[in-house]
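These are the structures, in structure tokens.
Heads up, the next two complexes both have chain A, just with different partners, chain B and then chain C.
And then the complex of A and B:
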């Protein structure tokens, strides 16, 4: 039986990790809501943002957090372009399948370009506050992990406010709920869908910067993220942001706790087991999600 | 009924394929070319096996690389750990993978489209994890050495396996052709065009999808196992690579998923290009870039493949009277046409 302090440490780490998962899953949920698109390239953009943060720190000597000033607008624009120029061109009848292939192609392309530009060497940001931490009831919490969680929390709260309180957010939610009705009340659904993709990709920029703070990165790392993220959105019920957030926290916590008896590698299998169990027993997900019937 | 001319084209294609398969080992100038040819042929078998699911039902799997890897490792482990005869092990591995495909298919096929792709990718990732970590059984990252089934010189070994792969390809093509003409195949194609309508008309959609998925898994496992016996060395990173699955999709889409020989043609083009790339540029990240760009181009501009595009070009050149009165029209094409008519009105 592990000691209480170790358990508490795992719970805290699991919650901190779950926050990052929740932010990234929110982006994936947004894409799926808008266009029924499973965006495989989401985690590739995540790693791209992490590389840009690393490069920013390495070459310019500035704090990696400041790189978001550039990457967030850049990723927003990339998301709009991706939706307008590529995904909107696909035939509606085969959109779901073909969009998976297209975003898969984008993911492979990004991985290849990252490998070409930065080589396959593993990279890590060395920060002065990288090893700083503080004790809390016997658990030790690294400052960088707390910053990452804070970033994810702020981005999620911002996303929530945009969706619930702004006219743009209403238009976006209307587009997700019923595109035809949204068009009837005068919403330019195509433009809104493009902006929705932009916002989704902007969350990947925030997540990538948070990731870069305390993780060793390499070009093919995105495969380690896309599996868990897809499991989270399926367990959460595709298309439901609160569902995805709840599933993210739960699975992040489980992963962290299972690392004690099983080790880091085997603990990852919890995501895949949850994915298979959800699809086999409750394909609409465990946290609502009306859209899931048709995915 | 197929028209006389399309029958002639089909017969000519079979004849061409048989001649090519039988004569290539004699024509290959050196063992390297023959071994590269076997790699391409192996891709052709895999792409044809993939097309049982992708072509008939329209469910695109990115995880067929994992099924091939399972076939390979299954065969290899049964030979090395259980001491079975190579080809008994191959058959047993095929049965095991088919049995495993049942629960996987049940989880993946209960709901539509997107979840199938998600499961197929997850399958590759989880198997990579398991086969790398479970080093006591699989050898982990050090790899698994599979003993050769015959005591032959290297060129002779290649020659024998060329014909084994040829036989498997012929078997897979025959099975696809038979399903294509059957009632079962009609049901599967109905699922591809409109699953709700197919179900409403009484097609047992779930059972059909599951059966064809298991058939596809069986052929994929055979190809993977045969590859293990030929190559003799398995590494989890290459066996359980998402990239393999994407190559197969690229090949099948490029050649045309509705066509018997589509995946084969695609495998010839992509497979030869891959081998050429390996020789010219080695293992750089650029092959990832090339794969990504090519896949995106095919998905965006040629989702029906090269063969249908060439076919429609030929049809346009012929006089109008010779065109078949009934031909396959996809639900998507029909919808486009109706929309165009509505706009005109």
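And then the complex of A and C:
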């Protein structure tokens, strides 16, 4: 039986990890909600942002967090362009399936370019506060993990406010709920979808920066992330941002706790077990979202 | 028609001139006297998966040939390398060695890089009864094939890397000796081999293993493993790491403020970028090393100086292992007094089996399977620099235990 201190430490680590998962999954579920696009390249963009943060720190000597001043607008623009130039050209009848192929190609392209530009060597941002931490009721919290969690929280809260409180957010949600009806009330769904895609990719910029603070990055790392993220958005209900966030917290926590008895290798399977269970018993997801039924 | 004939005549003349010129050139830079050169055949992964270490091994062999030739060659004959590229492909490596031995009739062969290529290559050498000294086949499978002509030219196989450290810990007085051990190793034969060698020896010596974790090679988040290790408060920490995983685990442990009395990691701490990667919090970290530019063996000083003059950078472990291979072969050839296919090869094998060879990684001897009988040197980070602390014969600084806080 693990000690209480270890359990509490694992819960803390699990929540911190879950927060990061939540942010990383938010964008992914948004794309699916807006246009039924399965965006395999989301995690590749994540790693791209992480590399840009690393490069920013390495070359310019500035704090990697500041790189978001550049990467967030850049990724937003890239998202709009990606949607308007590529994804919008796919035939609606086969959109979901073809988007897998198209974004798969984009992912491979990004991976190849990263390898070309930065080589396959593993990189890690070396921060002065990289190994700093503080105690909290017997558990230790690393400063970098807390920053990453804070970033995730701020980005998710921002996303929530945009979706719920702005006219653009209403239009975006209308587009998610019923594109035809949205067009009938005068929403330019094409343009809204482009912006929605941009926002999704902008979350990847924030998530990638958060990721780069405390882990190693290498060009093919995105394959390691896309599986768990896909599992999270299915469990959370495809298209539902709060659902994805809840599922992410839950699975992050479970993964962290399961590592105590099962070890690192087997604890990873929690994502896929949750995925199977969801598809078998509740395909629409556990946290809202009705889109999966139409999938 | 006449034009064609004239052209051909010109071509022949040009060709002949070129051959003469080449012959003249090669004659000039032949300091070693004597008859035919000794041709040493080797197949290396110069392209493909292992091209990076493959090129390192090539440089090591080239440095060896140059240093030997500058000193007058072997048995008064020039040493000439014949290097083929096996593209990191195990089928290709077999064909290469068959060509080198059968068709090209080389006098000696030496090994390629990586266990995956060493085993098939050694099989060919065995069939042709050729001596086979190799620079890179540390996995235990290499020594389980029943090879009779194979020798691994390095101090130790993975399991024996920490032997000096294990002996030192177990020799401490009971009151000082650590009691608990935490192990975390990457799911990789080499990384596990080193860590488990030390773990098993400490366990046999009466220490208890309180954490024993394995993580997949793609692990990037070490928070949970670190939490387990920190909660165990183990005295000794053993990390079966390569590079980045070791860095990540150390940072994660430092975030949790875990302070072991002894921390040993394979490979990672000897990387030139290690100190910067863990924010210079390296104090007291241990690592086994097969080769050190600072090791005080006489031939090493010469090797480092001449290698640096030839290539502009000091040699690393791959280069040193290839050079060691050359030294072992050269010692046998000099002692036995022959270098050609046939009976000579048996004499070379017998000589190496029965003798100790002085190399850049120290004196080497082998058991019947060709496994080296040594152990790696142990280095420790002391005051921002990594120094040899064990064995006593090669030490640059005193071994510090318990280690200072990192």
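Just so it is clear, the second predicted complex is superposed on the first by the 295 of 295 C-alpha atoms of A that agree within 3 Å, B and C clash if a C-alpha of one lies under 4 Å from a C-alpha of the other, contacts with A are read in each partner's own complex, and residues count from 1 in each chain.
We take it that a residue touches a chain if its C-beta (ideal position, glycine included) is under 8 Å from a C-beta of that chain, and two chains touch if they have at least 3 such contacts.
Note that the structure is a prediction, hence the values are computed from the model and not measured.
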{"item": "Contacts of A:136 with chain B and chain C, given as first, second, both or neither", "value": "neither"}
{"item": "When both partners are placed on the shared chain, which of chain B and chain C touches more of chain A", "value": "B"}
{"item": "First, second, both or neither for A:40, with chain B first and chain C second", "value": "first"}
{"item": "Partner chain(s) touched by A:265 [first = chain B, second = chain C, both, neither]", "value": "both"}
{"item": "Partner chain(s) touched by A:216 [first = chain B, second = chain C, both, neither]", "value": "second"}
{"item": "Touching partner for A:17 - first (chain B), second (chain C), both, neither", "value": "second"}
{"item": "Touched partner set for A:104, first chain B, second chain C, both or neither", "value": "first"}
{"item": "Partner chain in contact with A:124 - chain B first, chain C second, else both or neither", "value": "second"}
{"item": "Footprint overlap on chain A, where chain B in one structure and chain C in the other make contact", "value": "224, 265, 268"}
{"item": "Interface residues, chain C side, partner chain A - complex", "value": "187, 213-216, 218-221, 223-225, 227-228, 230-231, 243-245, 247-248, 251-252, 254-257, 276-279, 281"}
{"item": "For the chain B and chain A complex, residues of the former touching the latter", "value": "58-60, 62, 103, 106-108, 110-115, 117-119, 121-122, 125-126, 129-130, 132-133, 242-243, 246, 249, 253, 284-293, 295-296, 299-300, 303, 330-332, 335-336"}
{"item": "Chain B partner contacts - residues on chain A that touch it in the complex", "value": "32, 36, 38, 40, 86, 89-94, 96-98, 100-102, 104-116, 120, 219, 223-224, 226-227, 230-231, 234, 238, 265-266, 268-269, 272, 275-276, 279-280, 283, 292-295"}
{"item": "Complex contact set, residues of chain A against chain C", "value": "2-3, 5-6, 9-10, 13, 16-17, 122, 124, 126-128, 130-133, 135, 140, 142, 144-145, 214-217, 221, 224, 255-256, 259-260, 263-265, 267-268"}
